[in-house]
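Chain IDs A, B, C and D follow the sequence of writing; residue 1 opens each chain.
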Amino acid sequence: MGVHDECAVFGVFGNKDAANFTYLGLHALQHRGQESSGIISTDGKEFYGHKARGLVSEIFTKQVIENLKGDAAIGHNRYSTTGASSINNVQPFAAYFKDGYIAISHNGNLINSESIRHHLIEDGAIFHTTSDTENFLHLLAKNKSDNLQESLISVLGKVRGAYSLVLMTTDSLIGIRDPYGIRPLSLGKKGDCYILSSESCAFDLIEADFVRDVMPGEILFITHNGIESRQFAYETPAPCIFEYVYFARPDSLLWGKSVYNVRKKMGAILAEESMVDSDIVIPVPDSGIPAALGFAERSDINFQMGLMRNHYVGRTFIEPSQSIRHFGVKLKLNPIRSIVDGKTVTVVDDSIVRGTTSKKIIKMLKEAGAKKVHMRISSPPFISPCFYGVDTPTRRELIASSHTVEEIRKYITADSLNFLSLDGMMKAVEKKEFCTACFTKNYPIKLESEPAYGTPLPFL
Amino acid sequence: MGVHDECAVFGVFGNKDAANFTYLGLHALQHRGQESSGIISTDGKEFYGHKARGLVSEIFTKQVIENLKGDAAIGHNRYSTTGASSINNVQPFAAYFKDGYIAISHNGNLINSESIRHHLIEDGAIFHTTSDTENFLHLLAKNKSDNLQESLISVLGKVRGAYSLVLMTTDSLIGIRDPYGIRPLSLGKKGDCYILSSESCAFDLIEADFVRDVMPGEILFITHNGIESRQFAYETPAPCIFEYVYFARPDSLLWGKSVYNVRKKMGAILAEESMVDSDIVIPVPDSGIPAALGFAERSDINFQMGLMRNHYVGRTFIEPSQSIRHFGVKLKLNPIRSIVDGKTVTVVDDSIVRGTTSKKIIKMLKEAGAKKVHMRISSPPFISPCFYGVDTPTRRELIASSHTVEEIRKYITADSLNFLSLDGMMKAVEKKEFCTACFTKNYPIKLESEPAYGTPLPFL
Amino acid sequence: MGVHDECAVFGVFGNKDAANFTYLGLHALQHRGQESSGIISTDGKEFYGHKARGLVSEIFTKQVIENLKGDAAIGHNRYSTTGASSINNVQPFAAYFKDGYIAISHNGNLINSESIRHHLIEDGAIFHTTSDTENFLHLLAKNKSDNLQESLISVLGKVRGAYSLVLMTTDSLIGIRDPYGIRPLSLGKKGDCYILSSESCAFDLIEADFVRDVMPGEILFITHNGIESRQFAYETPAPCIFEYVYFARPDSLLWGKSVYNVRKKMGAILAEESMVDSDIVIPVPDSGIPAALGFAERSDINFQMGLMRNHYVGRTFIEPSQSIRHFGVKLKLNPIRSIVDGKTVTVVDDSIVRGTTSKKIIKMLKEAGAKKVHMRISSPPFISPCFYGVDTPTRRELIASSHTVEEIRKYITADSLNFLSLDGMMKAVEKKEFCTACFTKNYPIKLESEPAYGTPLPFL
Amino acid sequence: MGVHDECAVFGVFGNKDAANFTYLGLHALQHRGQESSGIISTDGKEFYGHKARGLVSEIFTKQVIENLKGDAAIGHNRYSTTGASSINNVQPFAAYFKDGYIAISHNGNLINSESIRHHLIEDGAIFHTTSDTENFLHLLAKNKSDNLQESLISVLGKVRGAYSLVLMTTDSLIGIRDPYGIRPLSLGKKGDCYILSSESCAFDLIEADFVRDVMPGEILFITHNGIESRQFAYETPAPCIFEYVYFARPDSLLWGKSVYNVRKKMGAILAEESMVDSDIVIPVPDSGIPAALGFAERSDINFQMGLMRNHYVGRTFIEPSQSIRHFGVKLKLNPIRSIVDGKTVTVVDDSIVRGTTSKKIIKMLKEAGAKKVHMRISSPPFISPCFYGVDTPTRRELIASSHTVEEIRKYITADSLNFLSLDGMMKAVEKKEFCTACFTKNYPIKLESEPAYGTPLPFL
């Protein structure tokens, strides 16, 4: 909570329901981005597309889906960033270049985007978006090779950063994960049809089988001749550990593990590390539920849904002039007095970013009668921003970057506060190779400088 | 699940934030109706209003709220019925009659609406909606008394059925609950300002205090002189027990009890009645969670969130030509394979209406690897439709009206199926006086004949 | 120019294209009202309807027309009055009353509307619009006769004012013109199908034959048994002479005469009365063209289109901060310098209401080089407002009500100004029996008092 | 009639009302394109823009205009071509390239667009529209010179065809007319502020003074330092003579002459060439009016507006199942029976393209009683399509490309038919240097091949 979502990519090759599957896949991946969505399909000759702001269920009508002809399609969900966001920035992007049509969906963030863009513009390129993703298209368009595989590998040699890509031409679907494999990308199959998806939960909805993760540094070329894999780079993998903590859906399989199980285990280890005597354990719903269940189980404390979540919350709410305490949080969460009144309560959440939400939750619980509130966080203190595609606040706004745990505890007015230890977290995920930069400042890809967002926007 | 929502009513008197509070109140009551909403306010002279289809968070903008002037307001959420529903039918209704302006919000259903309407039309009335609620306005407009209290009491003597009403004139707010008190209505207070709400959870959001339930057969007149109560009828109360089972929000206090606690207790008694050996207990989220927690606790079986709910589901989804198994349910629910695979699972849901959803859930769980699936329902078999304002299927469609428990078990392919007994349910609610007609066919208000819906619609 | 439009009524009985013909008829009558339109159709059982703000060509789609089933339909165009106009006020109105469905379209204005409404409200009626037209429905609903013809005649005995009505039940179409016949209404025929229309030009578009005018004080009942006429009142006819001057389309036949010919004759007689030496005669397009042609012909002065009209003008235009001279007029009219430069110009317009437009036109012509501008008006000075359905300014705003011709000439800065004489106008129309109240203050129907618009609006 | 409109370009530099003036200018030029419009403004730092489908009066609101900040702006109206037209193709186009922002509006058509585009794509350019106008931006972006003037002149050396361009950077406004000056472009001035407009009629509306035409092969650079002219090419001028015949507004000054006067003279010479005895002369409104007036004057035959035009016609009309004769034309034009009945009528129109409209008009006139209908066309037979920016039918569809005048007469069922001779037309325009290709097949710019429209569209 407090860290914004990122993006979802999806692609289908070889099924006449390609656009419809993509639409359902994007729906299943809606949690990764709610600001806008788009689908581009191909019938082998033309590209067809639709993009708009809003939820997947709102922007795609029967008519729209029917117009997205062909047996291949790619899609994208985008997270909400600034209000001024142009429709031009909504992915997938499509272009017509010397080899024909190409479309791209990107999850992640390049860290040398500014210098690439600068060189491209110097060389006569016209940019139509402010997105780093457009660089891929220009680099491809300028590449001299007439073999798309070679072109792609050459282009990937020039970009640095996090990218899980799904590309489409009129006769192929391509999946790419950056050399560190920072963002997820999975391969699925439904009959003869291949599917690429940010998370495996989308395969369930369309009844496809999960095949495997795309590997760090791997390109998958999917054509009517089948599937071909090439490894274009070899680095120590560093998949984002925060996907396990918060982003991914609990019903996804990520990097070989059930997200639900990993979260439960985080909660259990957290209980081992920082058990506290209390009457009940309650989660901050929905993301905190698995960890809270793990915590309650291990500590053998009664689990209750002491905070009710209202799922009808839209984009903006109009605050009354007579201001409501904890207004923003209250629209989403309401303590159930009959559960917490007179009780010592342990609240389990997945992370603390700014601390403001935790503070409001604790106040609401105390106003509802809780005698004591112990806060338990199923990840370590979040101390450093992500530069690989997660929309985090600046370091300044991250409360743990400048406050001790005790200072945070005081700020949020908890009776006690514990974070899961780094070791505990690594034990829960049972592997070593991860990007843990947000908790450790160990950035696997060196930053030249913090990227400057906001290249002038050729807006329309 | 499967029984549609009903309606929400709300009213505020004596606060310059009246329209904003009503908007927030309707948001908190969104679960009682998602099809359309409306607010009418008054500044003591004029009425101001806005009604539209959609969610509260979508249809009320800052500009709209600012235009709803004055220090009193009433609102209404409506459930989704047929697609052909006219905007004319969106409440609150307002009219100008001999005593000035009046507005009305109604939750419930009259059972002598047709004959009243017939008499009114014979007498020269022109109807503008197909709603039974319009009868109240015509009866008031035709009443000869020049005292609104007397008029109202006279009018209430003519209507039979379920009604929780919130009315507003330019200088008063009025709350009415029918003699049996079938639908809920609560009184709240925030400073000098009185609030009426279908459920108490709305008071929490606007930081008002819950005062008490409006009593069956009671009228509350709220003016600048304070609050006045009159009892207009005396019947044996028969509040709807299904509010406890499914409708009301778990964080509401209903008829003196926490809904969450009642549901948990239903689950606990269900466990006592029909415990079954299994590896895990899982709820059908969200409505089945409290009962499942009660069940798991009492049976001491491990509780898990084995079904993941997608909350982004919109109104309609476009099914692919290559049809997906259990499509409708799959959009909302996905089993978490890592939890259920290889396990004996007890699933707890609040009710079974048609049986189709349960059947799909059980199939999904088995496809995800569940060895056995035991279904436990935290209410008795639903055998008879509601005529008091709940949008239930016809008797024909209610699977329990014509099938034994064993037949239902076979239909839904459960390994075992148990419903909470009627006695068990009554024990959970700890009172005797309820309308339990949907479970018992004991209708507290005699039906003259099943009401004919669909009076010709003076549509526009 | 300057007098706003009024309304159009239309009806079709006995053709499966009824709704489509009504749509085309309303398009042909668009000049009589551009604010909003509506169509209601019937298939003998149900009513179907669509109403919206905007032009006929914008608001009716193929889908909408297809939904307007049946072989009878009525329609209405409404003129623009105030911005706050409710969609409730858009006609046709429909109601369900003791005899079944009825729909009504009304052109004209009742002068005893307030007292009727007052009595109806006292008697328990609930009003849903602020329109005087709703009175007809309530009076019908309350009438005790079970014969619609008798009911109607009884109701018409209670209302006073101007009304050309088209009514529809599920099995009949009814045309009514008030006893004075103030507003027009014509009967047409296309095969076995009867059509009622405010003006005959609509018959041309749908290839129906003009049969005759509906007579003052006549009701036409059109059913599957044919057409039946009843005379319900006998008064000296007083059709609106301003229809000839400005409202009606030049290609309509009104009261036995071609509107174009009458206007040309007005121009010719104006030339006889007030010829002036000039180089060219130019019209204020489009309404002034026929009179200008008549003037030019009779005076044997060269006719030119010296003012160019821009027909793309929408509802509102955004004025620059650096204000443009004669902004409003300039958006619609532009002088052609090459025609008027250095010339003595006679400008012919149909009427002067406030004088502001004439003043701006003359200034534009002089700025474009006209040496002298003589203004000739093809009707007498407009001195008194209309209370029979034309949206005229108040008397105060009518420049001719308080200024002599010489004073007006000075105000509009014309080098000379002449109006057609009353005798001249009567000579052009070749009949005596007309309502000429706007030119003479001789109101054929006595006003009790100037009607108060704005009964409190039970808005929705 | 029958030849579609083309485009309008407009630009303002040096006035805080720049966007508002552009909006009014586009309104005045609405006749040159009704499909879509756009404005881009600059405050010296950023670009601001708005583009949409629809009429100028519909798509620009007060809020939109206020957001178009700065003291310079350019705009564009586009004609309607295919329904599938992408919003991407709506001009002005903007881009960010090495020298900063640039925006462009284009009227005309390049004839070597395909080969330029091919080379650009080969060289790595990514196209975002199917418009030939985008070539200008890519050529500029790729040009190595760091002086915009030199860049532009170099780019203009590469393109062949018709182009009147208005470009804008953050600190300059640039007007360009191709070496042949095929499409018009005029310079205006309002105080210190310069204005560029397709036609001079737009200057009248914003009260700017007409300065002069931009010359063929001239570039005008307008900055805060004033205006600078460079001649970049010298060819025999060949302005489009069809602007005089049909496109331009009669109140515009084109190439030194009043459009109205030229049209009147065409009508007069037509009368000299092919006078015919008839009772009346009537125009096909609105475009045929000036020529008809010239014809009537010279032939001394009575002029009447025998065809009434309905200006409320929207985009599409729904035809009844019982088909109406001459449906499409009838929606726009209606004969006035009282004028034409029993008469011999001479109809004057500006041109005949397919012949279908003329045929329908003549049939309508005869159905309205005309004894004889003589058709007179104020331009020569239209025999060859335009490749310089006018949306003409293919040669195959041009009736005069394959039929003699007598054959056309028979087809349209006129009693006689005459076209203005080429000599007569040249006499009317009083100059020799024109592009008359549509009448003569003498194309001033050699076509390599007929351009292929429809490069694959990288649609979004």
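Please note the rule applied: a contact is a pair of C-beta atoms (placed from the backbone, for glycine too) under 8 Å apart; a residue touches a chain by one contact, two chains touch by 3 or more.
Everything numeric here is computed off the predicted structure, so don't read it as measured data.
Farthest from chain D, judged by the mean position of CA atoms in each chain, is B. Homomeric contact chain A/chain B: same residue numbering on both sides for over half of the interface positions.
For the pair chain A and chain D, the distance between C-alpha centroids works out to 51 Å. Distance between chain C and chain D, defined via averaged C-alpha coordinates, is recorded as 36 Å. Centre-to-centre separation between chain A and chain C, using Cα means, comes to 62 Å. Of all residues in chain C, none touches two or more other chains.
Going by the touch rule set out above, the chain pairs that meet are A-B, A-D, B-C, C-D. Put simply, chain A touches chain B in their complex at residues 15-17, 20-21, 23-24, 27-28, 30-31, 34, 55-58, 60-62, 65, 201, 204-207, 249-251, 253, 258, 260-261, 286, 289-290, 293, 297, 302-305, 308, 310-315, 317-322, 324-325, 330-331, 334-339. Touching chain A in their complex are the following residues of chain D: 38, 40, 46-47, 49, 51, 94-98, 100-101, 121-128, 137-138, 141-143, 455-460.
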